[in-house]
Amino acid sequence: MKKFINTPESVLTDALAGIAALHPELKVDRDNRIIVRADAPRTGKVAMLSGGGSGHEPLHGGFVGPGMLDAAVPGEVFTSPVPDQILAAAKAVDGGAGVLFVVKNYTGDVMNFQLAAELAADEGITARTVLIDDDVAVQDSTWTAGRRGTGATVFVEKIAGALADRGADLDKVAEMAEKVNAASRSFAIALTACTTPSAGRPGFDLPDDEIEIGVGIHGEPGRSRGKLRPAKELVGLAMNAILADQPLNAGDQTIVMINGLGGTPLIELYVVAAEVAAVLATQGVRIGASLVGNYVTSLDMAGVSITVCRADDEMLDLWAAPVATPGLRWGH
Amino acid sequence: MDIALASTWIRAVATAVEEHRDQLTQLDAAIGDADHGANMSRGFTAVSAALETFEPATVGDVLVKTGSTLMSTVGGASGPLYGAAFRAAGKVLTEPSASPRQLVEALHAATAAVTQLGAATLGDKTMLDALAPAVTALEEALFHGADLAAATAAAAKAAEDGAHATTPLQARKGRASYLGPRSIGHQDPGATSTALIFTTLAAVVAAR
Amino acid sequence: MKKFINTPESVLTDALAGIAALHPELKVDRDNRIIVRADAPRTGKVAMLSGGGSGHEPLHGGFVGPGMLDAAVPGEVFTSPVPDQILAAAKAVDGGAGVLFVVKNYTGDVMNFQLAAELAADEGITARTVLIDDDVAVQDSTWTAGRRGTGATVFVEKIAGALADRGADLDKVAEMAEKVNAASRSFAIALTACTTPSAGRPGFDLPDDEIEIGVGIHGEPGRSRGKLRPAKELVGLAMNAILADQPLNAGDQTIVMINGLGGTPLIELYVVAAEVAAVLATQGVRIGASLVGNYVTSLDMAGVSITVCRADDEMLDLWAAPVATPGLRWGH
Amino acid sequence: MDIALASTWIRAVATAVEEHRDQLTQLDAAIGDADHGANMSRGFTAVSAALETFEPATVGDVLVKTGSTLMSTVGGASGPLYGAAFRAAGKVLTEPSASPRQLVEALHAATAAVTQLGAATLGDKTMLDALAPAVTALEEALFHGADLAAATAAAAKAAEDGAHATTPLQARKGRASYLGPRSIGHQDPGATSTALIFTTLAAVVAAR
């Protein structure tokens, strides 16, 4: 394993030290392992809080700042944060208007945030939880843990964050978050497995000409393997899955993210972007806004996820609203 | 079981987890995200440290402390589940020593806590598939007159069998469930660590 | 080789199609392979033009937009653009106030831009060239091609771009660009080699426990190899080289970039950032501004480069000025 | 050399470059950035296409077209250098056919163009280390009465020797120079492609 780390055990705390040193606009509580806006708590503003396992940077710590999250709670690599940590963050950012927990639908995240919400309630903090479950690679049925949360998280944090910034109350912000989640679908393909610092070797073995289709952001193997194909075909596969699950109509507006999983060059993401745009164009679907880059990563995994959100005018307007975070920044 | 035995047990689990860390990680790599070994190790390292300075008044204190520490340090799916399990078990044992019957009750409480929090049922390919049969085996052995050593040995065997029996199952809870049919053919990491906890219990009871 | 591409030959044109589709604020001329601001040419404004081999994205195409570049000319992967292409871009953006060519000091870039400048002069366009040569891993002597240009390019493009935006003339903009370059030093370390689409296999072989020290952004092997070490030691090595070449004094202000070479997770970049900040802190040097992320990449190479620019107040002010490009965006 | 021979030569270079593409890339991978094969291939593919429809009036037209196309399609260091070389050579040959003496003059002009643009000197481990000895060998062979076939064969041999002789050198120009002493022990890719151009010349002249 080749990584720029000091020890596998100290990756998270060392990285937090780096965030603290280079982002004076953020407060980093290294003991509690939380990242909060320097001006938190903001009285009267609904606080946006998210978190999950580390290894997906810039998600979530890179999205803390005006217009997006008030706090992020990073767990160990690929491991949900613990309830104490989440509670500490909720306390740090609650400005009396309540806290929205943006939680990706993984068993661990769900349980830890649920326990934190109970603890928060004990302390008089109102917390609401929105579960993100946009990954169409996973079957959603009562027989599974449900769909995983992935790229839509960025859309939810940005759009609901903007609404919170405009002074909406907790229910309104939560409702918008749910709406964005419901309108979003993602699909990921990996060319390689990622290596966690603690495991020290790739999470799965992939032959030189095979890919993981429908891979998860924790480096979980996908639902099937297949041969490597040209970008056009791989995008076709992903877009088929996305559009089969949520058909789009001519004239629909979308926000689209072509997301690198950490080890994929940006030039390849733009090759993918061209194919995604071509598919949407043939359907008459418009791209109202887009992101191309590494936003929800899986450490060093070579791979790409595509997220498509059917966006109404309000969502597009909130998307365009000012945001000032390390990972997403415009309009301020 | 008295306070000393409970403490010995938990510390022995910490040692066993360290020894099986890589195995747990490898099992999790196959159908999850390769962190179960690190998670358990981080948790039980913290538990060992916490017990060092802790002065328990009851058997339950040891287990509640264990559960709380796991809950605050592990994260993931296994953290809250093991945390809740140990805490629930500990809350039942309010004396400096616990009878075998009380131990069974505590383990029932643990099972209930896991089921309530995780909503898994038997056969979902989770830690429950080791935990539930272990508790049943312990209870049955005691009912048939076995002493604690024989009963915990039976529980350990049942937990191990239960863990092994997860291999052909398709996961329906937790991260492994995303794999669908591809989860078949691999032993569940959480069931494996649960089996480890029971074999360690049997070992410390036998060694007493 | 596993990549999201259609064919090795079409990578650049396919990626340009993606840029065209997702960035309506840019004009992409696929025949000439140039990316220009949609509102180019801007009458009376000095035009900023840069380019070089592809594979370093977001450099340069991702830095086209208000406050930074007016045009980018991407060559094939790791290959300088050709004179015709550069000329076409110069013509597209010249607003009468001249064009500044920001050129990384590689033989191919230098020659192609020189030929383009001659062609531009024939067409009545005034072009000035600034050579970027900040890589202290390379010996600067009359016996070599001189230092390579790397991370400082981002600083030059941003800061000189802001000055051009404020209406400064060509000489002033060029002077500032030279000043920023002269104040910047970079050093890169690679953990793995990168794979170009046309070569199809890694540019060099690295044993599992070895690293390339002083690697170039075209995937050229560095000056030496060494064993993998903890991040703290690797950063010490890089910072020693940087500070030996340009000592800093207590109280000095800097702009610092912790740049991923394409395959390095952001969490590792923050681990590196913490160590860089620690080194500067012991010297009493202040970090006035910083970037952490993938800005000047080498395709999928796992590695990091550190760039330190000793910045005066004017440079910091220009750095903070609004910029609106795909890769760098704030204040608009 | 007449127009037909010049065209045959350039097209044969295109074929040879395709055949040696991987070799050139590998040499460049060792001390550069692994694109010399792709660069030469892209350039000469474009040249072949350009010559298809082109109606040259002089030998020089063929070479100028070759140079201009290389300059517009190759990029990198080799694009402008080969571009300038072929253009400079072509500008000397203003007739439908060129004498051996004129060919030598043209190659002197090519060498001068490379030197002027690249500022390399002999021994810097560049294409010049194949080009310059090849031109000298051609000139000397002709001076000693050799026919064009023998003279171009001598030039080809000198170019190949020159390319091989770059192996022990330390690069002082181009991308390879960044390696310092580590560039020693590898043959220069540009010198290798230059040798290819001369061996192809010898082959087409011999086959005429």
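Residue numbering begins at 1 within each chain, and the chains themselves are lettered A, B, C and D in the order written.
In the analysis below, a residue touches a chain if its C-beta (ideal position, glycine included) is under 8 Å from a C-beta of that chain, and two chains touch if they have at least 3 such contacts.
As the structure is a computational prediction, the values presented were derived from the model and not from experiment.
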item: Taking each chain's C-alpha mean as its centre, the one farthest from subunit D; value: B
item: Whole-Å separation of chain centres (CA-atom averages), subunit B against subunit C; value: 54
item: Whole-Å gap between the CA centroids of subunit C and subunit D; value: 32
item: Whole-Å gap separating subunit A and subunit C, where each centre is the average of the chain's CA atoms; value: 28
item: Residues of subunit A touching at least two other chains; value: 77
item: Category of the chain touch graph - line, ring, star, complete, other; value: line
item: Subunit A contact footprint on subunit B (complex, rising order); value: 25, 29-35, 37-39, 42, 71-81, 117-118, 172-175, 177-180, 182
item: Sites on subunit A touched by subunit B in the complex; value: 53, 75-84, 106-108, 111-112, 114-115, 137-139, 143-145, 148, 196, 198-199, 203-204, 216, 218-221, 223-224
item: Residue ranges of subunit A in contact with subunit C within the complex; value: 2-7, 11-12, 14-22, 54-55, 57-58, 62, 77, 191-192, 208-209, 211, 228, 230-232, 234, 256, 258, 262-275, 277-278, 281, 287, 290, 292-294, 297, 299-300, 302, 304, 324, 326, 329-332
